[in-house]
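I have placed the structure first, in the form of structure tokens, so that the comments after it can refer back to it.
The chains carry the letters A, B, C and D, assigned in the order they are written, with residues numbered from 1 in each.
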Amino acid sequence: MVDVKQNSQRSKFPPVDAVTGKSRYNLLSGKYLKIWQGPQHPGITGNMSLELTVCGDEVIECKTHVGYLHRGFEKLMERRKYIQCFPLVCRICVPEPDFNEYLFAAGAEELAGIEVPEKALWYRTLTLEMARLASFLMWIGGQAGAFGMATIGQWTVTMRDYVLDLFEELSGGRIYHMYIIPGGVRSDLPAGYARRVEDTLVMIEKVLKDIDLAMMHNAVFKKRAVGLGVITPGMVDEYGITGPNARGSGIRRDIRKDLPYLVYDQLDFDIITEEGGDAYARTRVRMRETAQSIDLIRQMLRKMPAEGPFFRKLPNVLHWKVPTGQTYVQAECTRGEYGFFMVSDGTELPRRIYVRGPSYTHAVTLMERLAVHVNIADTAGLMVSLHTYPPEIER
Amino acid sequence: MNAILTKALYTLISLFVITNYGLLLGGTMARVRAKVQGRIGQPVWQPYLDILKNNFKRTGIYHGVMFYLGPVFRLAGGLGTYLFIPAVYGSAVFSNFSFSGDLLLVMYFIFFGQLGMALGAGQSGHPYSPLGVSRGLAQMTAFEVPFALAVIAVASQHQTLSITELVAAQQGGILNWVAFTNPLAMIAGMISFLGMTMGNPFSVVIAPQEIPIGPPTEMQSSFLGMLQTNRAIFQGAKLVLFMNLFFGGATNIVSMVVKTFLIYLYTVVVGASFPRFRTDQSIRFFLGVPTLIGIAAVVIQML
Amino acid sequence: MNSISAAASAGTGSGSGTGTETGTGTGLSGERFPVRERFPVWKDKFSLVSSMIQRQDLAFVQVPMQTTVAFITHLRDLEGYAHLVFFTAIDYIEDGIFRLTYMLHNYRRHHDLGVQVDIPREDAGMESIHHLWPHGATYQRELKEMYGIDFPGSPGVDESFVLEGWHDIPPMRREFDTKEYSEKTYYPRPGRVTYDPTEYMKEKLYPSEAETW
Amino acid sequence: MSDMQDMEKTESEEQIARIAAEMRLANDGLSDQDKAYFCDARPQAVEPYRGIMEKFANWARSQSLWILGFGTGCGAIELRPLMTSRFDMYRYGIQPRPTPRQSSVFVIGGYASVKTVKRIVRSYEQMQGPKFVLGLGSCTVNGGMYWDSYNTINRIDYYIPVDVYITGCMPRPEALLAGFNRLKQMIREGRCEGMNTYAENFDWYKANQKQIIKDWNMPDYNW
């Protein structure tokens, strides 16, 4: 079933010629077929494409092509002031823009030496966890949909919509919230917000229970997912794998615990790991993390300070000169380690902002490795199980 | 002469009814599926609009003669399947062209449409089409095994290959149905029916996510309209066939509607609660337990 | 050389960095990785140019171009910095250099180390690290495309990564003006008005407050 | 500023005229082997039916809109709620379709990078007419947030004809539904002849496309 040994003996790269980078397979021999999965394809995550060479039903070579969503964020941020970057950064990642907002704010605050009020830290953590919940709900639907179970997708995307409603109440935006700004957050929680959050959480928990029954205990789902795309623990460092993909292989890594940021050190939670490293283990990790996220939101609503400022007044942001320096801030997003590397040269414009998205390694190098010797019908499921998201690859 | 004309008229009426019934049933089932997913769903008459729209397309791409003939073969397969099955037992209008031995012909026709489609899809030149076709044919060969075993069991039980006589033998009470007199054959047949309707978990042939959307990748405009019409007829024909084989047929149109609706509902409910098998997995599945059940049914009949 | 180096030495002198709310030292009980003690060792072996401690869990070191890959290999194999977080470049056009940054992470110590190396902008090239981490090849492909930095021997480094049919200078270089290029190429829709926010706020929104600035 | 724009405008118009004059439709960039696979015909404008027949056809078209499943940008994220039970676009006869051959509506999901424009053009040309284009988000109107980016186009209507724009970043699902209703109304009124517009101004569109897509390695018209 899980052929770990055979998996680890495969070559490090897809079978391409080391010098020219061209495929070793002769397509004109008639033995192989080259097909493109994407960019126009329902079985692809976002707008990217896989160039697959297949022999029968088996993929023997996979090449990821990205760049369909390249907007040049890093270039655009170099010619915008810090406060002008702030509405731009959240657009890097659509399913959970808050991580971009938080990391940009945290980086700028660290460089400028701004202290953030305690309450804002709680609010930030709350939005991050809500974003994680929304993103995971969408992902569960995507993973079920990649194996043809449209029902689950319909349920979870609706539940995600209720989380988006909460965001809308909080910040006015469904998708892009622009709630976390340098210096704090943009607004206080509305009256009675905690109760409405709790109502939504109860609803989501009910659906999650159904999904656990209908998907995780489904014989056909298990048949498809178990043994698909095995990541061995040895591959984790080699390929720079982070997040649930690493935790699915039994590696205890979670930036929320390892390098606690915001108020995660005051919250009570454990790192969730699963053994196996296949698509099923990754699904289990994410299912359990969804439940954990719900639990964390409850904890925060309970422990959150009621009084205090949620925003620290910045200097005039139009002339805000951030002192020279460089820093790297990271956070644990749903897909793994999300980071902002920010370099300031003492002017009003950032010198360089580099966005480290976890999909960068997951979707390109790792996918090219894992897709080899996989049935062609499973490539979509494999791709989704890595939780790749193209805009953070090309930015 | 007059008899032939009457028969032709009856056939047309029968076809008209089954086409509309198939389309409405498709629309209804889309709504049922939507209910499971928590939606309202498309209007019941949406299939009509889709067919109209497709036939009103202004342009259409032509890939060669076989590309034209593919949907025609498919339609011929659907019509052939339906026309040799008596839809309502004892009715002059809906008895169609049933004759002794029509069961074998129907089994052949179920396969025929797919083969025609394979030729058409092959000529479209799109790499997804042959992938889908190879998956479809492989899966079809697999589910034919339990189906054929079930048919053999039923045929040897009642010592006939005529569907009309099979239905006649099941009249006179619910306990005379094959479902109760020969439950093993019914189980094998109904499992293979899941494969035949190409719903989940055996929908990898036309699955959009798993690379091809299958043979009709390149089919557009009126080609697609024709395929959709055929799907309605073919679906109706298959439902009627299974109703006749295992559930005692129908003596009037109301009981036909009720029985076929329930049989269809069974596939939809299964489809809504399962993901898809891969092709190799579904072949393994069909050649496993359902085939053994089918063999058991045949052996019990032989004893 | 430039301002960063000055800050770097200042950082080394003053000890703890300018950590803010990112939980400096609050989360983990027990001592942090004393990276400062490693600096002299690295300086002996790999002739460190400068070092800087930004936070308790983040430090930057600068090494010369010749010893970079040896230093990174040493860090990966012997010091536990086994995770390549990212690899990117910063363009200091006024100094005529690209500053490459290899961010490494030590999971045992939970410590980030940014290894920085300055390479000349003219005819930029660097030794490849694809043999250490397979995804290093992807970063190098991107750097080649976006900055024109060559990495001989890296697989597929000459293939385009995100751009397709790009004929201009590499877009992430500072001399490339994206606004000008966009206006020249993509038919801007007339009607877009740009106010200088400073002026606009002074004149329209806060005529009184503007005086204080 | 406006002067400069005008000057650039005329310059680029000249360039378009030059590319259009140079352009031949015999797929000259392709190798002999590839040429056999592609047709070298131009798109033809198709006359609508007359009178009540066209009205009926338009009604049927407006009631059955099949979206091409191509999420070209971040706008695609709001298509998913639109498909699911909260907003349920199936109620209005709108459903996604995985292949361009069978779909009739192309939703441009926001910004389009040059690499995507190439695929958009190809997918658009493969769709069978009458076909409709919905520009989603501010980025399709004037570039939106990315107006000064070197890799995203500013106006999608220079490359393919657009029927309805839905502005906003992001447009809400309700706005999408409103846009679809507007599109339906326009189809019923017979105002969505984007396919014929494309055929009639084929040289202009093609020259625009060729100006930004530098490595043109596909046939000039993909049916």
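Things worth noting here:
One rule holds in what follows: a residue touches a chain if its C-beta (ideal position, glycine included) is under 8 Å from a C-beta of that chain, and two chains touch if they have at least 3 such contacts.
The structure presented is a predicted model; accordingly, all values stated were derived computationally and were not measured.
Looking at contacts between chains, the pair that accounts for the most C-beta pairs is A-C.
If you average the Cα atoms of subunit A and of subunit C, the two centres end up 22 Å apart.
Subunit C and subunit D have centres, each the mean of its CA atoms, that are 39 Å apart. Computed from the mean C-alpha positions, the centre of subunit A lies at a distance of 31 Å from the centre of subunit D.
Of all residues in subunit A, those touching 2 or more other chains are 41-42, 67, 70, 72, 75-76, 79, 154-155, 158, listed in ascending order.
Counting partner chains per residue, subunit B shows two or more touched chains at residues 37-39, 208. In subunit D, 69, 84-85, 98, 115, 148-152 are the positions where the chain touches two or more neighbouring chains simultaneously.
Chain contacts here follow an irregular pattern that is not a line, a ring, a star or a complete set. The residues of subunit B lying in touch with subunit A in their complex are 36-39, 127-128, 131, 200-201, 203-204, 207-211, 272-281.
By the touch criterion given at the top, residues 3-4, 6-7, 18-23, 26-28, 54-55, 57-58, 60, 82-86, 88, 90-91, 101, 103, 107, 110, 112, 114, 133-135, 137-139, 155-156, 158-164, 171-172, 174, 176, 178-179, 197-198, 201, 213 of subunit C touch subunit A in their complex. Those residues of subunit A that touch subunit D in the complex are listed here as 39-42, 46-47, 67-72, 75-76, 79, 87-88, 91, 94-95, 138, 153-155, 157-158, 160-161, 164, 174-176, 391. Against subunit D, the residues of subunit C that register as touching in their complex are 162-168, 171, 176, 178-179, 181-192. Looking at the complex, you find that subunit D touches subunit A at residues 68-74, 76-78, 80-81, 83-86, 96, 98, 100, 111, 113, 115-116, 119, 123, 145-146, 148-152, 169-170, 172.
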